[in-house]
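We call the chains A, B and C, going by the order they appear; numbering starts again at 1 in every chain.
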Amino acid sequence: MNIKDELSKISTNIVIDEKKANYKIVVDDLSKLIDIANSLKNLGFDHVVSVTGIDYPDKIEVVWHVSSYSVDNLKGINLALSVAVKKPEPIKQSDPQGNIYIKRPPVTVPSLVSVWPSGIFNEREAFEMFGIIFEGHPDLRYLMLPEDFYETWPMRKDFTYQRAKVFIE
Amino acid sequence: MNEKVYNIDDLQNVNVDGEKYIILQIGPSHPGSGHMRIKVWLDGDIIVKVDPDIGFVHRTSEWLSERREWIKAVPIVERIMLPDTVHANLAYVLTVEKLLGIEPPPRAQYLRSLVAEINRITSHLYGIGIFGIFLGSSTVYMWAFGDREPFIDLMEMLTGARITTSYIIPGGVRWDLPNGFKERAETVLQYMERRLKDYEDIWVKNPVVQARTINVGTLKKEDAIALGVVGPNLRASGVYYDTRKHQPYAAYSNIDFEVPTMKNGDSYDRLLIRVEEIKQSIRMIRQILKDIPEGKIVADQIYNQLNPVMKKNYEEKKRVMFPAFMIHMRPPAGEAAAKVEAGRGEIFFYIKSTGDKYPYRFRWVTPSFRNLPYFTHVAVGHRLADLPTIYGSIDYFPPEADR
Amino acid sequence: MGIIPIPLIIWLIEDLLYLIIFPGLVTILVIVIVIIWLERKIAAKVQMRFGPLWVSKKIGGALQSLADLLRYSFQEVIIPEKADKLAFILAPGLMFAFATIALIFIPVGPYYSVLFPSYYTILFSLALIIITPIFAITVGWASDNKFSFIGALREGFLLISYEVPFLLSVVSMIIIFRTYDYISAVQSQLSFLPGIILNPLAALTMLIVMIRTTGRFPFDITEADSELVLGLYTEYSALFFGVGMATPYVELYNFSLIFSLLFLGGWWPFTLNVMNPIYGLILPGIIVVIKAFIVMAILVFLRAVYPRYRLDQAVRSGWSYVLLLSVLSVILSVGEVVFLR
């Protein structure tokens, strides 16, 4: 089984870097994501290693790294399944005290937990860190962050932590 | 934005009503929880639902590493995985090397494997010890932590530090094999082989241990694949997968070793497989010390950049201090992913570079984080007393999962 | 009035001395302190450690338990707001009290019965020993803590499943000796054979029950720290905690005394039957206490070997193997009585 041919059957937009053992499928159309994931699963990629959010100035990229435990010649491959979503404009808000907050709305991406259940905690982490709402995730809650990080999406590049104005001893 | 999509901490709404069951908050300060909270719904003595609440020791390693020079991430990742420092270090350096496109010399590759295997033994002993105290056997706890010490001393002899070694740098390793290391290592390995028999007598073959662990926390092969668990736990469920075999790094393609697998996937198998892996690691260390080739310990690209004093030190003492010029390291734009089989499982690194002095995206996933489904899927249906058994048998380490 | 006969005064003083010093409180304190120290030292030896060595380094840290007791005495007592305060305060004390009172009915020498002449000492002591776990359950209930509550439930389960074998094993010895009194039981052993040879099944049952009742490993289930923090005593602090922790050792002492009286021939080889305090109480008493101490040392050694069982496994073995063993021991006793004598 030639992995390149199999992958090119699934999607046309493939980046392959043999030297670094990188295989990457870039999905342009969000609606195709689940279909492509399903066909990858049928090919033998059976678990998610990592779900990575990447914040760019204008978009947010979500990368699922998948690999295989069951098919021998896929065990050495880290396949990345990448999808990019445009970021909505940030909204300026002010509270009664006159402080101005910049609220950055989350983006929405279909969840692949229905295809790969192993991504469940990874997707929760990407959600709280980047504000990526995975539609169809069964249990999308905050995983690690405490409440004061609510909707701040700290791993985005424009995140600034609020300095306390008054310290109470 | 739809408000109903998520809630911060509203667990009561999740398909189990709070009236009928005892909700037990195990942790975050509890002798059986580590730095995490395990929320358990109990029906009598039977676990109905488990919600692992992690993040109490979340140290923002990704955030920190994205705002520092490349080489400064080495100590950060080490401090996250304290029992597995060498593997975290190695995994990060492998990823950076893929970006830089440099290849360490063979002797450095062997030294990397050597220190990684020593570290694997200490990690497994750590796991066995914690498992022991979770089942109530303080003897195994003390023994395992005591027997971890000779190996840590070996690591100190080789790298100069006991735990956080920072031994592996892009392009090689920092210290060469010291004089008398082979003899010392052989003594330690023979001691460990003798001790393994003691462990079998008092722990592995102990009837109470067998009663507590056999058929407890069973994860079948298909489920283990679907849930994506890693490391010895995966192999205990019968999946033949080891990053050292399937994506060889360091010197593992030249070393002859077996990947032990078990059949049942219960807690007892997860205990046995760690003992087996210690045996394999002992075998590997012997092989490495026998086969290790002569040569440089850093790649030429690094060696040529050393200043005259460091070159003199390198020739005389066979060691490289942490080269200061590495602070200016700017890997070319691109992305790289690497995997390393650590003691507890597979570490995955995915780093995106824009050619800047900081990594643009620094992503890593640790084995304990990927073993979280053991709580949510495996513990359900067991008794409360089985929760520590499962927790201990998967060798879960909360700081590692939180990163 | 005004004149109290001198012999009565001496008798009272003697009584007080016995209660306070030799088989009584001071001895219990010393034994508990020494056995805790010994337990830690044995475990340390097995585990390649030194054990307690900070306090009184010259005698191997033997005073460590005493130092702990002092520390407990001066710590702040914290009573949880939602606790049932009366029960919370009284239960550990009552538990300790009943465990100690049971000692009154366990004679350590033939002269001892002069203090409390009774033909039913075995029954009295059993009754008092069986009361103590009820206070353990009270402790768990009064704390208003889920871990304590689960610990109390576990204590209740184990209590019920191991009480029957315990009583049956004692009953089988009563059948053999045909008496309800420890002293005559010991005397019949002195004239014939020790109980452990007469009925080894009962001795085995008794040992298992002792391990279970006093919470030694592998039956350290009610205080399983990896699940229940400290089980019953999660909410306790200061002296209450110390008393709660010491009670299992007092119980262990009780059980070991009973074991050495019923199975190890009591004060054998000291067979002189003289009714005075020295030969009738102190010397045989020392022998009995030494025997009990050896039994205790063997039982605390188990900590170094075994992890703990699960609740359901312990309850199941209580109702199956141990109960079967105790029934067989009764049958054995009946058989011996019918065919041998």
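Here is the rule we go by: a residue touches a chain if its C-beta (ideal position, glycine included) is under 8 Å from a C-beta of that chain, and two chains touch if they have at least 3 such contacts.
Every value quoted in this text rests on a predicted model; they were computed, and no experiment measured them.
Student: Just say which it is for the chain contacts: an open line, a closed ring, a star, complete, or other.
Tutor: Its topology is that of a line.
Student: Per-chain Cα mean versus the mean over all protein Cα atoms: which chain has them closest together?
Tutor: B
Student: Using CA atom averages as chain centres, what separation in Å is found between subunit A and subunit C?
Tutor: 62
Student: Whole-Å distance, subunit B centre to subunit C centre, using C-alpha means?
Tutor: 46
Student: Return the distance between the CA-based centres of subunit A and subunit B, expressed in whole Å.
Tutor: Centres of subunit A and subunit B (C-alpha means) sit 24 Å apart.
Student: Write out the stretch or stretches of subunit B touching subunit A in their complex.
Tutor: Contact set of subunit B toward subunit A: 1, 5-10, 14, 54-55, 58, 60, 62-63, 98-99, 101, 224-228, 234, 239, 241, 246-247, 334-337, 339, 346, 348, 350, 352, 360-361, 363-365, 369-370, 372-373, 402.
Student: Within their complex, state which residues of subunit B touch subunit C.
Tutor: Of all residues in subunit B, those touching subunit C are 22, 24, 26, 30-32, 45, 132-140, 142-143, 146, 202, 206, 208-209, 211-212, 383-388, 392.
Student: Across the complex, what residues on subunit C touch subunit B?
Tutor: Those residues of subunit C that touch subunit B are 43, 46-49, 146-147, 150, 217-218, 220-221, 224-227, 229, 303-313.
Student: Could you please specify the touching residues of subunit A with respect to subunit B in the complex?
Tutor: Those in contact with subunit B are residues 17, 19-22, 46-50, 52, 54-55, 63, 65, 69-70, 75-76, 78, 80, 105-106, 116-122, 127, 129, 133, 135, 139-147, 150, 154-155.
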